[in-house]
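Each chain carries a letter (A, B, C and D) given by its place in the written order, and its residues are counted from 1.
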Amino acid sequence: MTEQPPISVGIVGATGYAGQELVRLLARHPRTALRAVTASGDTAGPRRLPALARIWDSEVTPYSSTSFDGIDTVFLSVPEALAAALALEHLTAGRRVFDLSGAYRLRDASLRGRFYPNTPDPLPDHTLYALPELARSELPDARLVSCPGCYPAATLLGIGPLAVAGLLEGDVIVDAKSGVSGAGKAPSERTHFSENHGSVAAYGLFAHRHTPEMEQALGLPVTFVPHLVPLDRGLLATIYARVAPGVEAADLTVCYEAAYRHAAFVRLTGDQRLPEIKHVAHTNFCDIGWRLDRTTRRLIVVACIDNLLKGAAGQAVQNFNLAYGFSECDGLL
Amino acid sequence: MTEQPPISVGIVGATGYAGQELVRLLARHPRTALRAVTASGDTAGPRRLPALARIWDSEVTPYSSTSFDGIDTVFLSVPEALAAALALEHLTAGRRVFDLSGAYRLRDASLRGRFYPNTPDPLPDHTLYALPELARSELPDARLVSCPGCYPAATLLGIGPLAVAGLLEGDVIVDAKSGVSGAGKAPSERTHFSENHGSVAAYGLFAHRHTPEMEQALGLPVTFVPHLVPLDRGLLATIYARVAPGVEAADLTVCYEAAYRHAAFVRLTGDQRLPEIKHVAHTNFCDIGWRLDRTTRRLIVVACIDNLLKGAAGQAVQNFNLAYGFSECDGLL
Amino acid sequence: MTEQPPISVGIVGATGYAGQELVRLLARHPRTALRAVTASGDTAGPRRLPALARIWDSEVTPYSSTSFDGIDTVFLSVPEALAAALALEHLTAGRRVFDLSGAYRLRDASLRGRFYPNTPDPLPDHTLYALPELARSELPDARLVSCPGCYPAATLLGIGPLAVAGLLEGDVIVDAKSGVSGAGKAPSERTHFSENHGSVAAYGLFAHRHTPEMEQALGLPVTFVPHLVPLDRGLLATIYARVAPGVEAADLTVCYEAAYRHAAFVRLTGDQRLPEIKHVAHTNFCDIGWRLDRTTRRLIVVACIDNLLKGAAGQAVQNFNLAYGFSECDGLL
Amino acid sequence: MTEQPPISVGIVGATGYAGQELVRLLARHPRTALRAVTASGDTAGPRRLPALARIWDSEVTPYSSTSFDGIDTVFLSVPEALAAALALEHLTAGRRVFDLSGAYRLRDASLRGRFYPNTPDPLPDHTLYALPELARSELPDARLVSCPGCYPAATLLGIGPLAVAGLLEGDVIVDAKSGVSGAGKAPSERTHFSENHGSVAAYGLFAHRHTPEMEQALGLPVTFVPHLVPLDRGLLATIYARVAPGVEAADLTVCYEAAYRHAAFVRLTGDQRLPEIKHVAHTNFCDIGWRLDRTTRRLIVVACIDNLLKGAAGQAVQNFNLAYGFSECDGLL
C-alpha cells in the first residue's frame, strides 16, 4: 500500500443533487482529504446536509475563492456559465479541475459558441473531455477534466466502442429515459411531483445540447430524444443503430469485451439479458445489453446508469482516480 | 325529467388542481351552464387547460368581477385570504357561493381569528359548513357553503356518525397519508419530485389548521398528523379512537349503516375488508372500514377518498347538487 | 333522441384490468344493458369487484355459454387462445363480437399461424381489424371486430395517416413506454412492485407480436421496443420516421387535421407542445405531437394513450358505438 | 490495525431481498470471508445475482448443510419455520447464528407458541433478542442472535429509551408506513405493481406478530397498524404516546442523547426537524424526531429506517460487528 499523503480536494456546488453525491463520495474516499465544500454562490449562509449527517458533518459554506487556498483539486458542480469562469480561476491558481458542467465538453469552437457561449476560446491547455473508460491513458496529463453529461455517458459507453471500431453505419437514434433528479434540485413546474407521477414526457427534441456532444464522440449523426420518467435516480438509453454490412453478432461481442476487459464499472449483460435501471441505481456501474437482427442489420443497444453517479459525481471521481494513478474503484465500490 | 333551465355557474381559481377538477365536473354537469372560468388573480393572460381539451375548450381568463355578471353560483378555489374577500363580494351580488378554502370553516371566532385572520366576524347570514352527507337537509337554505378540507372530509365521514351518536370517548388520533397533489400546484422544495419519490414525510405536527376543524365537528380532542406519501391523488386516514364502555361491534355497524343508508358516495367495506386509495382515486367515493378490539375497546377506522374530488371539487359539486335539490350524483358518477 | 331499446351486452374476462374497465364503461353506457359478466373460465366462484361498488353491484360469475342466451353483443377480454374459440362460439350463436385479444388481428395467414396459432384459417366472414378512427365506415358491417393492441393503437394513431398518405419512407422505429397494468393482473416477477419501482426495463426485442400488427397497418418495416415504466396506466410511443423528399411541416399538419377532423378522441398538440401521459390517463383520448427536422427529414412523433382505455376497453366501446351507429362518444366522456 | 484473520461466514436465503443485502454487505465487509451463499431450499439450481455482479460474482447454490462445513457464523434470512430448524442445526454444529426471522424473538413461551409454533421451547442457551443499540454489552456472549423485525426496529429505536426510563405512560400507538420490499420477493396480488402504485393500504389490524414483539420490549400495550406505501425501500413509524406527568421536552432530549451518545447509526433530528425516508433509504441509519405538546402530554415520535438494511440485513451485520468486538460501523458505512 502506498504511503502517499491524501489529495486535498474541494467541491463547488455541494447543495445540488450531483454535488451532494460528490460530498458523499469524497468524504469517504481513501485517497482524499475533503477540505472545502461550498455552495455555487456567496449568498446563502452556511448549511448542513441532513441526508449526509454522520458521513460528513461540516457545513456547506458560501463560495469564496480563498476557501480553496492550499487545495490541490477542485470539483465543479455548477451551471456552465459559472463553471466556465471558475475553471479558469482555479486552473490559474494551479489546481486540477474536474468540471461536471457542459462548459468545456465541445471541441468545435462554433458549436461551443452556440451551446456554451461563456466558455473561452481557445480551450485552456490540457483540457480533456474524458469518459473514464475511453480516456484512461490521457487522464494523467489533464489539468481540466471535462466530464460527459449523463445522457452522453450512457450512450458513449453503450456504442462508443462499436462506433470507434467502424462497426456502425448511418445515423443513430438515442431514446433516453431519465429519472427526474437529472433535472436538478430547483423546484419548477417540470419537476413538480404531481406533474411527473404517473406520467412520461419527452422534451428537448432536436434542441438538446447533449446531441453535439454525442456526435463529437461517435462521429455519426445522432437523433436524440430524452424523456422524464417517474423515478428519481437512473437513466436508460435505448440506442438504435445499423451495423455495417458483414458485421456479425460475434463481432459485437468481441468488440465490447475488448473495450471493457479492464473496466471495473461496465457490466455487459450480453445479447440474452437486458439491463434495468434497478440494478444500477445507487451504484457507479453501467450495464449494457444488445440485440442484432442479422437480416435488417438493425442493432438495439440498451445501456443504463445512475445519472447522479456514473452520469455525474461517480464518473468525476473515477476520472479523478485515473488522473492520479489510483485504482479506478477507490471510493466507488 | 324536469324542464328546469340550467344553473349558470362560474369558477374562480381554475388553474389549480382542485380548480381544474371543478372545470372538468361542471363542464359536463347535466344541470349547469359553465359561464365564467377565471384564474385567482388578474395578472396572467388567458390560457388553455391542455388536459381538458375536448371537455372544456375555452380559456381561463384573468379574474374580474364583471366576468360573473348574470351568474347564479360561484365556486371559489383560491387561497383563504382571497376567498374571504371574494365570498363577500359574490354574496353581496346575490350569488350563491361554494367556498373550497378554509376561510369560513370555523364557527368559533377566536379560533377563526387565529387560523383564518382575513375572515369577517360575524360570519355572513346563511353560512353553512357542509359535509354533504351530514348536512343534507340544511343545504337548501345555505347561501355561503363552506366545504370541509380534505383531511376533515375523510375523518368526519370516517367517525363523525359514531361521535355524534356518543359511541366514542376520550381523544382521537388521526394519522393521515395524502398524495402530493394535496399540497397544490405551486412548485416548492416540499413538492419537488425527487424529494417525495421513494419517501414519506410527516408535517404540521400540533399545528395544522385542519385540527380545530375536526374538533369542532367531532366534539372530541384530536391529535392529527398528516403525511405526504409518494402518489398524486388520494388520501387515507387511519383513525384511532376508543368506544364507550358497552359498545359492541354490532353497534358500530348499525350506526354506520343508518348514517349512510342514503349516501350514494359512501361505501362501507365493513369490519372484514379494508379500503385502499386505489379504489377511490379519480372518483367521488369515500370508502370506510373498521375493526374493534373488544378487550381494549380500541377502535381503528380507515377512511379514504380522492383528495381532489371527494376532498375538494367533487364534494363541492355534491353540496351544489343538494343545495339545489338535484340528485346527489348528478355530474359525479 | 332515438327511442331505440338498449343493446344487451355481455363481457367475458371481467376480472382483469381491461375487463374491469369494460364493466365500468358498459354499466353506465346510455345505449347498453349489461346482462352477463363472467370470468374467463369456469373455476372461480362468483365474486364482486370492490373498486366498482355502486357503479356495478352484481357479481362476476364463472363462464358458461348459457349466461349469454338472449344477448346481442359480447366483449372478449381473455387470452388469445381462448378468444379464438369463444369468438367462433358467439358468432355462431348470432352475436356480434368485440375481441380485445390478438387472435384475429393479423390478416396474413402465415404470420397469424406463427403468432396466434389457435386462430382458425380462414378468418370468419365479416371479421374486421378496427382502429375506430380509421375504420369508421366499415364498422357497421362487421360481426367480429378485432381491436388493436395498445402499442399498435398509439402507433397507428400517431403515424397511420402519414403512412397511408405516402408521406413517409424507409423504416420506422417505435420506442414505447408502458405502464405496468399493460402486463396484466397476474402476479409475476416482471410485475412485482419492487422490481418496477424506480426502474425501467426494455423487453421483447425483435420478438413482440405487436410488430407484425403495426407493419400490416403501416405498410412499412417497424423496429419496435416496448419498455415498462414505473407507473400504472398510460403508454407513450416515441416514433422515429423519415418523411419523403419534399414533404414539409405544413404537409404533416394538413394530413393530421384532415384525418382527425371528426375524431372526438384524438387531440393534436401540434408541433410546439408535446403530449404527456398525465393528460390522457383515465381518459379515452389519444394526444399526438410531432417535430420535423427539415434538413435530415427526420420526423419524431409522440403519441400517448391510457393503455386500458384507448388502448383496450375504451377503444372497444368506441368501436361498438360506431358499429351500431351511435355517437362515438357515448359512454366514453 | 488488528491482524485477526477474517471470520468465515455463510448466508442461507440469499435470493430474497434481505438476503441479497446480506450478500452485498458481507462480500465487502473488511472482517469477513463469505464462504457459503445458499438459497433457502435445495430445489433450484445455482444462480447468479445480476444486481451484484462485480461485487459478488459467485453463484447462489441450493441449500445443503455441508456447504457450511468449516464456517464460523451463519446468517439466516429464511421463513421462520425453516429458521427455527436451521438455527438449531447450525448451533449444534458449533456456529454462531444471526437469525433475521421471527422464530426466536419472543421470550414468553405461550405467545411464541401462538405466533411461531415451530420454535423449540425452551429457547437454546445464549439466545439473545438484540437490537444492536440496546444490546451492545450482551452481544459478545450470544450464540443465537435473534434480530428484531423491521417495524419493531424502528419503534424500539424511536421510543425504547423513553419507555425504559419510565418517561411514558398508558398505551402506545404505532402507525407505520412501509415500502413494498418489506413484503418480500414472492409475487402476489398484494405485491403486484398495479395494486400498490398510487395506493396506500393498511393490513394486519390487531393481528400482526410484530405487536407482541414491541410490547415485550417496551413493557407497554401497543396498538400497531402497518401500511404499505408505494415505494420500494424504507419504513417510517409515527408513534403516539403520552409522557408521564411532569416530564418536560428537555427530559426527552436528555434521554435520547444519553441513549444514543455512542450509537453510530442513530441520528436525532430533534424536536424541530422531522425525519424522512429519503434520508435513510439505502443506509443503515435510523433518524428520529419528536414533538411534545405540554398541555395534553401527547408525544409524537417519528422514526425511519431502510427496512432492508437497518430493519434487516444491516442490523444483523451491526449485531455481528458488536458480537465479535469489531467497530459497529465495519462494512456498513
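Note that in this section contacts are C-beta pairs under 8 Å (C-beta built on N, C-alpha and C of every residue); 3 or more make two chains touch, one makes a residue touch a chain.
On a predicted model such as this, the values are computed, not experimentally measured, just so you know.
Among the remaining chains, those touching subunit A and also subunit D are B, C.
Farthest from subunit B in terms of Cα centroid separation is A. If you average the CA atoms of subunit B and of subunit D, the two centres end up 40 Å from each other. Chain centres here are Cα averages; for subunit A and subunit B they lie 46 Å apart. Per-chain CA centroids place subunit B at a distance of 36 Å from subunit C.
Contact with two or more other chains is made by residues 179, 195, 197-198, 230-232, 278 of subunit A.
Against subunit C, in their complex, subunit D makes its touches with residues 17, 179-181, 185, 187-189, 191-198, 230-232. On the subunit A side of its complex with subunit C, the touching residues are 171, 173, 175, 177, 179, 195, 197-203, 205-206, 221, 223, 225, 227, 229-234, 236, 238, 240, 274, 276-278, 281, 291, 293, 296, 298, 300, 302, 304. Residue ranges of subunit A in contact with subunit D, taken from their complex: 28, 50-51, 53-55, 197-198, 264-265, 267, 269, 273, 278-279, 282, 285, 333.
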